[in-house]
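The same chain A turns up in both complexes below, where it pairs with chain B and then with chain C.
Up next is the complex of A and B:
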């Protein structure tokens, strides 16, 4: 069943696949952590991924450079974030409803605009980021090529995950973020603007999910197709729960999901008797079990999903 | 003048439950009306686009009114189907084998409406099914791949194990092995019709196993698999249309299941009242519906003649394709 593990090249290929399948959900899940830490459910991660992917494709297609794609992708995702913040923080509309509405909007809007703008060119290969080997590190047997022969966005992910952890747990702004998410009344009385912190958190969150979409288009497949997010935003939500609202935990959960996805693709022809659906279930079963067995030990931010009104009861 | 309506409907709060319904209707003198409910988007360059264009073309040729709903999630199928039946559509099409259950349920409530399931398996009463000889054309593709492959290994990538896609893969494998008795065919199921990234990774995996011909059969995700083949210099097989136009250096041959011609045939039967509750299967003998596409110059030229002879043999029933 796992005899392919005896071949170093096969292990490298397998781990590379795991990593590539994880990266879009890592971006989205860490983004989700930031938003949820501030007390706003970000159900719209899926919409931000597809928005980021569409922006990336559009920028790369119109301007011929992946950097333009990256910027436009992040911008489109942040616009979705602005909408979420406007609805959920500004107008105090139910965060889940607003998030779902944004998902539907982004899915429909990107499909419509893609047909309008990309049209017949939809399958032509877009300019993208290509792997850059880091001298020295990439020569490490087996793991070197997996982690250190990657494209710019992967290296960006290596930076953003510890940076997010550091910002959340070690900086004054991170303290404000967690205070707003856990006990907004206290944060407010300490002079922290609850809406402003939440607005920034949602914008950063959506920008990161947008990076996940950019990765899909600019580093992975070099084309945009409708609904190419294919539920990755929801997998990211599962990952952030499994990762206990912590960027490092979310990273590990995403790597685990990517690993099980890759295992599904790989194991099938080695042992066709194992039903492939088994592996597709893994992210959801794992998050479910995490919720059951970690209940009590870990809790979501206390004020998540609750709208905050100054002077409210 | 056709009118365009675009409305998004949010059903249930289930995450991701999405349905974009768009209705295009054109009024003609005849009042026979046909509607098609599609699981994916009409621009996937695969199964859904083929179905949409099939109905569109047939409606134009026969001068009838048509409507469609795209991206209909499985839980929304009965609603979409019965909506069309209630609004007086004479023929309601469920595009894909996954519609079997919902059509069976809805068809009982609307005995005067005809239902058609593309790739359905159980016809009867007012339910007809239509499909192609997937194994037969899959066999031909496998044969072409076997004669062209350098490594003697090929990969088949499917989304879900629906009957016809299993048959397509089995035909492909048998054809490949008959052309290349020492060869090997790997199969991967991605469990997602649209996930381009997964389609690509699945194909990359097969290529790293040694496969140099990849035959993907999903919807949108086909693009990812062919992209992987293109990047690695491997070969690909197109599906539903002559895909060499989009992938000139990669695609070596295409399995053309021509929905346009097949749906045209079935819809005109429905219009003149001769559509029965049986299964209509279009095999290689109806070349308007099931045929091969253009060859790439990577295929050795002597193969072309052998393939034509092979197709004759399959039509005559002399070759077991599964």
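Up next is the complex of A and C:
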């Protein structure tokens, strides 16, 4: 341990791994915050991540450029979002049921289409984004390479998290969003269209979760594998509750989960005689314990999960 | 006529399933396979062949019990996504009871194993139930996370302390042959688990329909505040119902061990707990319909492999079709039957027909109904 702490390169590598493991969850969790602030549970974050990952792989595979992958990935995730909005907002179906249905559909559909389209090429490396060092900042000792020698999607995340915070708390649309999520009757009587705000919130939310999936494929592993989202969408849900439905809070919670994930990988690597399952459950146990012991008295958006129907015809 | 509309409405999950299969045939066409051939092989392989039917019944057992584990708390408005984890914990506890307890007479040992499995799943349901009731935490996210934890615990146990020496991948020793569940179809894998499942579904139906427990659960599900003012101990019911649901999920895992695998394998459940959610909604949260829904879903799963061999279509398409089925069924349940609206619509139509036929019976309202 002391040897590890006295080695700046090892610390840089470790923090860098933590950051890279948390980025997909950050995208998904901040997206989830936007949707849940409008009063729609977005349990389909998992499906949006896998949809984004599949779209990214498909775009990069067919057109040979990661930018095409990025666009297609976000598009696929937004289609999942459109479906969720149609079911949960349009048809007023239980939001959790709609979300679970979308997760099952996306997991099955991406596995099937991946075998159909990518087929034997599924294991070949796809074009992706590579780290770009920001001159000056990346020269800061230890932390510089961690934060400023990353790829385009990471820098996009640096922009999107504060932007989401600013939109939610400082813009008229953000006010509408929060009003719709807390007291839709009042928002409606103030002339805000509840279904429309919820539709946009869900679409943005799924697009962001899709970015998380794009990151997995285009910046991390450069291949698409079935079920590669591996529960990240659900950890994102835990993170956003822990972050009290605030993008900055969600960011911090995700960094904590990324850190615990990196730690378990490191422990797994360093102690091969301990069964790996004890380590691979660490992120989930950490999420669970954090929810139980750290979240305290949580106060979700008041109208979350409740369908809104205009009274009086 | 109104009765016809009402029955059409009551059967809307069936229409939804058919519509989902229709959309699914588009997916099958993408692979250049005829949907008729694919569905034909699928249903022939799942339901019309002795061995295929046995394979379907084998899968019906865990899917049905997982479905019941979702239906029961759903009556009280709680969504249990943790059936998968409860299945694993049930299998773990029953395998431990089968392998670690001292030798005893099978007539005692089998019930002990079954109860141990129910207890294991029940405890895994009790945790989120308690946190929901007394700390107001969201049961959905808690049960979800507990799934991953349970799967890892079983992997650890099956690959560590209980692993058979020299096994190529994580599984435990085989349980004694005296503890195997009886078969229901000769010389197949079909075991008695599905009988237990159907019996439990029947019992659950009667309890929910005719007992005060069922009434209390429905009241909590419709309006928890009203239930509390009516003197129903809501918190205790929430804890109890999650324990019972977990026990049902645990039984699903127990019968997998005692009836089919005879060992504790790691990753032995291919998402049966999530199929339980599909069953709950296919059966419109009615335990009496759960066996049918589970049988259908098990058939899809069992037939998928037959179909893959017969027409060379990737069996993962069935996963996608399952997603379509739940989406369409959920959407169809969102459409509500409005007797007054339909009565008015039918009446208008009759008036219009009367107008066209020159019937003077409705003369007074002529022109009004258009």
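Operating definition for what follows: the second predicted complex is superposed on the first by the 277 of 313 C-alpha atoms of A that agree within 3 Å, B and C clash if a C-alpha of one lies under 4 Å from a C-alpha of the other, contacts with A are read in each partner's own complex, and residues count from 1 in each chain.
Rule of thumb we're sticking to: contacts are C-beta pairs under 8 Å (C-beta built on N, C-alpha and C of every residue); 3 or more make two chains touch, one makes a residue touch a chain.
These numbers were taken from a predicted model, which means no experiment stands behind them.
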| item | value |
| --- | --- |
| Partner chain(s) touched by A:189 [first = chain B, second = chain C, both, neither] | neither |
| Touched partner set for A:231, first chain B, second chain C, both or neither | both |
| Touching partner for A:116 - first (chain B), second (chain C), both, neither | second |
| Partner chain(s) touched by A:222 [first = chain B, second = chain C, both, neither] | first |
| First, second, both or neither for A:107, with chain B first and chain C second | both |
| Which superposed partner A:96 touches (first chain B, second chain C, both, neither) | both |
| Which superposed partner A:125 touches (first chain B, second chain C, both, neither) | first |
| Touching partner for A:6 - first (chain B), second (chain C), both, neither | neither |
| Residues on chain A lying within both footprints (that of chain B and that of chain C) | 43, 96-97, 100-101, 103-105, 107-108, 111-112, 115, 226, 231, 234, 237, 277, 280 |
| Residues of chain C touching chain A in the complex | 27, 30-31, 79, 81, 131, 135-138, 140-142, 144-146, 148-149, 152-153, 155-156, 159-160, 274, 277-278, 281, 314, 316-324, 326-327, 330-331, 333-335 |
| Chain C-facing residues of chain A, complex | 41, 43, 83, 87, 91-94, 96-98, 100-109, 111-113, 115-116, 226, 231, 234-235, 237-238, 241, 275, 277-278, 280-281, 284-285, 287-288, 291-292, 295, 297-298, 300 |
| Sites on chain B touched by chain A in the complex | 6, 8, 10, 13, 15-16, 18, 20, 40-41, 43-45, 71, 161, 186-192, 194-198, 200-202, 204-206, 208-209, 220, 223-224, 227, 230, 246-247 |
| Chain B-facing residues of chain A, complex | 9-10, 13-14, 17, 20-21, 24, 43, 46, 96-97, 100-101, 103-105, 107-108, 111-112, 114-115, 122-123, 125, 216, 220-223, 225-228, 230-231, 234, 237, 261-262, 264-266, 268-269, 272, 276-277, 280 |
